[in-house]
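See the structures that follow.
You will see subunit A twice below: alongside subunit B first, and alongside subunit C after that.
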Partner chain A sequence: MSTSLIDNGVNVEALLGAREALAAAPEAAQFHWRARCEWVNGTHSRTTVHDFSGLGAEHTHRERFTFEGDHPEVFASEDHGATPAEIVLAALASCLTAGIAAVATNRGVQLRSVTCTVEADHDVRGILGADPDVRNGFNGVLVHYTIDADASREDIEAIVAQSQKRSAVYDILTNPTAVTVDVN
Partner chain B sequence: MSTSLIDNGVNVEALLGAREALAAAPEAAQFHWRARCEWVNGTHSRTTVHDFSGLGAEHTHRERFTFEGDHPEVFASEDHGATPAEIVLAALASCLTAGIAAVATNRGVQLRSVTCTVEADHDVRGILGADPDVRNGFNGVLVHYTIDADASREDIEAIVAQSQKRSAVYDILTNPTAVTVDVN
Partner chain C sequence: MRYTTTVVVGAGHCGLAMSRCLAERSVDHVVLERAAVANAWRTQRWDSLRLLTPNWMTRLPGFAYRGDDPDGYLGAPEVVRLLEDYAAKCAAPVLTDTTVTAVQPDGHGYVVRTDRGSWRARTVVVATGATEVAAVPTRLSEQVPAVVTAMTALDYRNPDQLPRGGVLVVGASASGIQIADELRRSGRPVTLAVGEHVRMPRTYRGRDVLWWMDASGLLDERYDDVPDLVRARNLPSMQLIGSPQRATVDLNTLRRLGVRVVGRFAGVRDGMAQFSGSLANVCALADLKLGRLLDSIDAWADGAGVDAEWPERFAPTAPTATVPLSMRLNEIETIVWATGFRPNVSWLQAGVFDRKGRIVHDGGVTASPGLYLMGWPFLRRRKSTLIDGAAADARELADHLVGHLDTLARRRAS
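Right after this comes the complex of A and B.
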C-alpha cells in the first residue's frame, strides 16, 4: 500500500527526512521547550507557551498557548481551570494520538476517527500529607483507544503500540526524569 | 504569625480538615481523573476535561476545559496547539505554583507575586527513532521561581521545597507511573 493514496494530514516524508538529517547532526536535535507560569490567586495559575529552540535556532509558535490550572470546588478552590493532574492526561493523550496519526500514515493506513479516554487513579492522601506511605502522583493510568481506520484490528493495535514506543509523554510518565526546582 | 492576617485565596482550613477526614476514610480519597481526546487532523488533537470522581461521588468542573495539542511547523505540522511536551511543563508549573500558594498560606506568608519559568531539554532523536540510545522524553527539567512575599529568602525556599515534596506532577515526572494503553 502506498502512502500517497492516503491522507491523514501528516507529512511523513518530512519526518523521515528529519530522522535521517538529525541522526547525522545530533546537536540540531537538542530542543528546549519552555513555559512561563504566573500565580493568579489561590490555587489558580496561568501558564503560557510561546517560544522554544531546536534545529540550532529560536522559534515561536504561531500563537501564544495558555493553560489555566486550578483545583476544583471539592478541594475548596474556585475551579478556574483543569487540575494539574488532568493537564498531564491531556499531554499524554495528545502525544499518543499524534503518534498514531504519524505511524498510521507511515504504514499507509487511512484513519477515519481516533478517540481515546484517559483515566488516572489518584489517592489524594499523598498530596494532602495524610499518609506518608501514599505517593503524591497517580497509582496508574489507563488509555483506551477507539479507532476507525482502513486496517485490521491487529494492524491498528500495532500502530498504537508503535506510537506508545516512540511517545515522549508516555516515556516521561513511565520513567524517571530529573526535575530541578530553584528560587531566584 | 496568624493565617487570619493574610489572604492568598487558599482555604487552608478546608485542606487541613480534608487531610484529617481522609486519613480516617481512605476510600473517599480515591480520585479518578479523566480526559477525552479526539484526533482532529495530522498531529492535531483536542482533549477535553470535564468530570471526575472522588469523595465517593461524581463531580463536574464548572466548565469543560479544552486542550489543543499539535506539533510545530519545524516538525512539518500546522502548530494548532502546544506540543504535548509543553503541556507537561504547564502541568508541572501549575501544580508547583498551587502548592506554593497553599503552603505559604499555611505558614502565614502573604504572597505578592509568584512566577516561574520551566525549561526542558529534549533530544528529539529519541521520538524520531534516529538513535535507539536516546530516550523519548526529556533529558531534564529546570523550574526557576521568582517570588515576592512577606518572608525571608530562607522561608521562601522552604515553601517551594515543601510544595515540591507534596506535588502530584513533580512525583509523576520524577518517579515511574504504570500506564496501560489498549484498543477497544
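Right after this comes the complex of A and C.
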C-alpha cells in the first residue's frame, strides 16, 4: 500500500507518531476539554470554546468558537440557533467524518467526496414530562454516508466501521457517561 | 537447593513441548507442575467443551494424531489422556504437586522457589499459559448486586449448576457463544452482551475453516511480520465450537435459538443493566473482517489449485430492529463473565513487566537473559495459543535458549 500519492489533508504520520509517543506517556495523553455557556434569553444560550489542556500544557484554539443554542418557533421560541439535540448530531457527524478521512489516509485511500446525513427520532413527550415512560433522549440515530473514493465498497464500509470504532462522540452516545452537575 | 540447567514452569502442552525440545538438545531440565499434567484441562473446563482445533491439528514435537477421527474434536478428558501419554512417551521429567512460589534472577541464572524446596537454574521457561485466571472487568462486576449469581467461563461446568431463570452472558468469543448456546438449550432466557468479536464459520468450502488457515499459511504468520502486533495479540478468540456435527455457532444461529443479542455490557444504573448502542458496528466490523478472510482464502485456493467446493459468503449478521439497550437486573439470576482470561505470573520477580503489569517479550524472549515465555497470544506466530502452535515456538525458543547457554559457557571460559 502506498500512501505517498494520497492527500486527504490528514497528517497521518503525526497521528501515528502521537499514538506511539502517548502509548509510552499516558500522563501526556490526558486532555481536558472545556466549554462555557451563558444564558441569553428565553431558551437561547451561547456557548464558547477556547482553551483546553493536554500534552501536559494549556492550549487555546486559534480563535474563540461560538455556538448559539435555541429552540425553533414551533416550540414557541425565537430560533436563534440549532437545538442542543441537533448540535449533538453535528458533533457525531463531524467526529465520524474526521475519522473517515484519517482512516482512509492511513489505508492509502484517496477520498473525492464524503457526505452524510444524520437523523434522529425523538419523542418529545419525554422532555415535556407528558409521559413518564418516554425517555428524554433520542430513540435512535441513523447516519447515512455517501462516499466517492478510490476503493471497493467493502473497503469503504470497513473505513466507516473503523471510524465508528475510534470515534469519541460515537462512544459518548452509545455508552453511558457519568455526568455530574453542581451549582456554585 | 537442587540444580538443573532449565526449569520449565507448567506441564501443559507448552511445557511438555518445550521439555521434548530441550531433551532433543540434551539440555538437563525439570518441569514443575503445581498439580498434575494438563491441570487446566482437568479443573478449568466445562463438561461439554471440546478443542476448537480438529484432531489432525493436534500435533506436538514428535507426535501427530493417528486415530480414526481426524476431523473430530477432542473433549477435555481426551486432551488430558493425550498429554499424559505424551509426557510418558517423552519421559518428560515432570515434578507434579510442586507449586512455584517465586522465580528470582540470581547471578547468571535464577532461583526458583517452590512449596517443595528450591532450585537453581541457568534458564527458566514460563509455560503456565495466558488463560490461568478469568479477566473480569472489576469496574463492571462491582456494579452487579450480590443477589445475582456470578461465575466466569472458568467456573462454569454445565446448566444444572445455575439457578433457574435468566442468564446474562457477557462476551461473545468462543467461551461466551458456547455457554450462551448451551444455556439457551437448557430452556433459560439468555441475553448475550456482545462487544468486538471474531466471527468464524466452522467449515468453509467443505473443509474445516482451520484447514484453510493452516494450509494457506495464515496460522504461521510471524509476530515480526504482522503489521499491528498489539492489535493481533489482543484479538478476541474466534467464535468457534468443536462439536461432532461441526456446527457453526454465531450471533445469527444464537438469535434463531432465542438468545437475546445486545451490545457490550456498559454498566448498571437504577437497577438496570445498560448495553452499548454499538452492536450494529461491532457486527459490521466482524462481518467485514470475515469477508476479507474468505477473500484471502479464495485467492490462495485459486493460486494453489485446491480442489474444494465453490466459494460461499455467509449472511450478514442480521440487524434486529429493536435491540434493547437495558434490562432490569431482576430478570437476571446469573451473570456469566466470558470476558477473556489473563496469565497469573505473580511469582515472577524479574524486571520484565511494563507499567500495566504485562511481561515485555520479543517472541517469547524476555529482557532478562535466560527467561522465556510460551503459549501467549501471537507469541511468535498466529497459532501460538493453539496446541499446534507449541511445536514451532518451542523449537525456536529452545534454540535461543541453547545459544544463551553457549554464551554463558564462553563467558565462563574466557
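Just so it is clear, the second predicted complex is superposed on the first by the 184 of 184 C-alpha atoms of A that agree within 3 Å, B and C clash if a C-alpha of one lies under 4 Å from a C-alpha of the other, contacts with A are read in each partner's own complex, and residues count from 1 in each chain.
Simple rule for what comes next: contacts are C-beta pairs under 8 Å (C-beta built on N, C-alpha and C of every residue); 3 or more make two chains touch, one makes a residue touch a chain.
Here the structure is a predicted model, which means the values were calculated and not measured.
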item: Partner chain(s) touched by A:164 [first = subunit B, second = subunit C, both, neither]; value: both
item: Most subunit A residues touched (candidates subunit B, subunit C); value: B
item: Which of subunit B and subunit C A:88 touches, first, second, both or neither; value: first
item: Touching partner for A:175 - first (subunit B), second (subunit C), both, neither; value: both
item: Which of subunit B and subunit C A:154 touches, first, second, both or neither; value: second
item: Residues of subunit A at both interfaces, subunit B in one complex, subunit C in the other; value: 26, 157, 161, 164, 170-171, 173-176
item: Complex contacts: residues of subunit B adjacent to subunit A; value: 8-11, 14-15, 18-20, 22-23, 26, 29-39, 41-45, 47, 49, 52, 54-55, 59, 61-62, 65, 67-79, 81-98, 100-102, 111, 113-131, 135-147, 153, 156-157, 160-161, 164, 166-184
item: List of subunit A residues in touch with subunit C within their complex; value: 26, 154, 157-158, 161-162, 164-165, 170-171, 173-176
item: Of subunit C, residues touching subunit A in the complex; value: 196, 263-264, 266-267, 269, 274, 276-278, 281, 284-285, 288, 291-292, 355
